[in-house]
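Several structures are given next for inspection.
The two complexes that follow have chain A in common; it is paired with chain B in the first and with chain C in the second.
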Partner chain A sequence: MFPLNLPELVSPWGANLIYFAIGLAFGFILESAGFGDSRKLAGQFYFKDLAVLQVMFTAIVTAMLLVFWAVSLGWLDYEAIWVNPTYLWPGITGGLIMGVGFIVGGFCPGTSLVSLATLKLDGAFFVLGVFTGIFVFGETVESFSDFYNSSYLGRLTLMDVFGLDTGVVVLMVVVMAIGMFAGGAWVRDRLVLAKKEETGT
Partner chain B sequence: MRHWTKWMALVLCLIAAGLIVKGQPSFETRWRRMETKYKPMLDSRSILIDPGELLQLLYDHGITLTILDVRSERDFNLFHLADAVRGDIDDLERFHWSELPSNAVVVVMSNGETDAVEAWKRLKLLHVTNAYVLEGGANGWLAAFGNPAEVVKREVIDTGGGSGDEVLAYRFTAALGGRHAVSRPDVKLEGTRVFEKKVKTQSQARKSGGCG
Partner chain C sequence: MAIGKTDVDPTVDRPVYWNSYIAGAALGVLLFTSFLLTGNGLGASGGIQRVIVAIEDLVVPSYVDRTPNLATLAGGDRKPLNNWIVIEILGALVGGFLSGLIHRRLRIETRKGPRISKSTRWAMAFLGGAIMGYGARLARGCTSGQALSGGCVLSAGSWAFMLSIFASAYALAYFLRKAWN
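Right, the complex of A and B next:
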């Protein structure tokens, strides 16, 4: 039954090689989707380019359906999957900071590494900023540890929040993703149309 | 939306709706899948620890002990072990088991053993590593360390139609919860019992994950 205990199955070094290969594949896919280009990533926030929304939500929906169908069929032990514990208000604050950083810098930490891999200067400076931020955070976290550890809710999922069955929540997320695809495309088409009318082309 | 994307959206919704029909595996189904791994531990009683060993653990500062009491609120309020926490068998997910330190030991107890073993099975499905069951439960504990001044064995036990194993077989003069002397007996009493030590702490690699 999955998840496999890779270090036990193929030795710790073998497991590390597999993690490396997965990381390479992940970076390759991000670069192939154009996520090494900050203009493409930032285009999402101005409804000029919906690639981020499409790729991310496709990944979320695909992984979610695979995970819960695998659980349902008895191939995967859901309790053995790591779910990041929820710290509500620190999480919201961190999300806001990261969101602003994403719009201003044009990258999230992962895509900045992809950009650096293709030697893009903006990606390199973003990564430098990321490491500086990590260092500053590490040096100062003690001063706000009360807030940092506050509103702890443990392993919290949408099923727990809404008190609904897994299948219902999965369907809701799929419908939401489809709605966002359609809504995003509609807004983008209206903007393109408005621009064409403005330029008279 | 283009024609094929509408079909794609419909297929995705159908796959998701299929999950509502199929449902997620129940506790019984999940246990059946893991039974071969854990049943030998139950059959050999290697996870049942003597009250004497639990008394030792109560005074062991090298471990983080959690005593999980799955009895009714009434019995828990009447008497429980010092620092025990109460939990319903069907609601053990609410505890943050994944956050336990690597030196944590969890001992489950009920009045007898039946309910505690049920709770232990659920803990194993939640991947709680160092989980044990108190042999004989609260009744076994009281038989071992109970002082007649505060606790008396009942002559006739009304099981109320339930399992006799899971009925508190003792009467208390007051409902003091964890403030009875027998809730944390003197550690010297451990020497009055002969038992095989079974608790072995296995550290579990801390998992983490995320996406940047």
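Right, the complex of A and C next:
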């Protein structure tokens, strides 16, 4: 029955080794996908490069299908895995702030680490910025802790929100992802055509 | 739809990145494996936060003990670095380095749009990073810990968060087009 209790099963050191291996694979895949390159990442928001959308939503759909298959087969205990609790408004506000940070800086925290690891100077400055931002957050959060802890809805899932069965929500996410892949590619190709006509090539 | 078509870096001829759908599927399998083995997904900003708090705990331990949100990580005998996410981001740094090495992308350089200077790009990267770091802690997670990990287990808050990032980045993209194009 999964998830495993690693520290008990393979000792704390064995567990750390597995955490390290998971991180290693994470960094390797991000870099291989081109996510150490800020221009490639930012290209998403000008429909020049759809890798962010494609990688992210393929990953979410793949992991989601595997997770809920394993749950329905009784191999994985859904109640025992970490489902991010919902703090609705702090989450939405944080997301809106991060969108600004992304378009200004060109990374998210994870991709900036990979960029730094491949010696990109913009990645290094971004990582310095992330350290600064997180430090400042830690120093200021006490002044608005009411908001930070507001709209707490606990372990709320999309199934709870829509009142639908898990299978239906899973199918909706898959259909939405395919729709976004097709829609994104359609917009990108239209922009390429428009540019070609403009320059007459 | 261009499944199977590989995106090529348009600026220079350098080794091509993995096909996005293949990279995404690999990332999804990894994410699932992580949930199976550890009960957790992936993360980044939470690990960086723990490194910062560990430094603060070295320099000003009594201050950390008095500040509730820092004390939950490093108050008293708590060791902020003794956590899976810290080990995981160390692994991610090494993994990124190895991929760069194998694919011959280890090069000291600055990636930027052609119409801005290097120093402008550096300033924007620092500023963007600071904004991103602040927002990620307000949202209790970043693209890895909230969007990917919470998204695939269908957390409602993670989906609201993910839509917010894309909405605000797209809304602002037009005004910053000079920086990237």
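To be clear about the criterion, the second predicted complex is superposed on the first by the 201 of 201 C-alpha atoms of A that agree within 3 Å, B and C clash if a C-alpha of one lies under 4 Å from a C-alpha of the other, contacts with A are read in each partner's own complex, and residues count from 1 in each chain.
Heads up, the rule we're going with is that a contact is a pair of C-beta atoms (placed from the backbone, for glycine too) under 8 Å apart; a residue touches a chain by one contact, two chains touch by 3 or more.
Please read these numbers as outputs of a predicted model, since none were measured by experiment.
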item	value
A:161 touches, of chain B and chain C: first, second, both or neither?	second
More chain A residues in contact - chain B or chain C	C
Touching partner for A:43 - first (chain B), second (chain C), both, neither	second
First, second, both or neither for A:79, with chain B first and chain C second	first
Partner chain in contact with A:194 - chain B first, chain C second, else both or neither	neither
Partner chain(s) touched by A:175 [first = chain B, second = chain C, both, neither]	first
Chain B versus chain C as contact partner of A:125, first or second or both or neither	second
First (chain B), second (chain C), both or neither touched by A:108	both
Touched partner set for A:70, first chain B, second chain C, both or neither	second
Common interface positions of chain A, toward chain B and toward chain C	61, 78, 80, 82, 84-85, 108-110, 155, 166, 170, 173, 181-182, 185
Chain A to chain B touching residues, read off their complex	1, 61, 65, 68-69, 71-72, 74, 77-80, 82, 84-85, 108-110, 154-155, 165-168, 170-171, 173-175, 178, 181-182, 185
Chain B - residues contacting chain A, complex	1, 5, 9, 12-13, 15-25, 29-30, 33, 96, 98-99, 125-127, 207-212
Complex contact set, residues of chain C against chain A	1-3, 7, 9, 11, 17-18, 20-21, 23-42, 44-45, 48-49, 51-53, 56, 67-70, 84, 87-100, 103, 105-113, 118, 121-173, 176-177, 179-181
Chain C contact footprint on chain A (complex, rising order)	2-4, 6, 15-16, 18-34, 36-40, 42-43, 45-46, 48-51, 54-64, 66-67, 70, 76, 78, 80-88, 90-123, 125-138, 141-142, 145, 148, 153, 155-161, 166, 169-170, 173, 181-182, 185
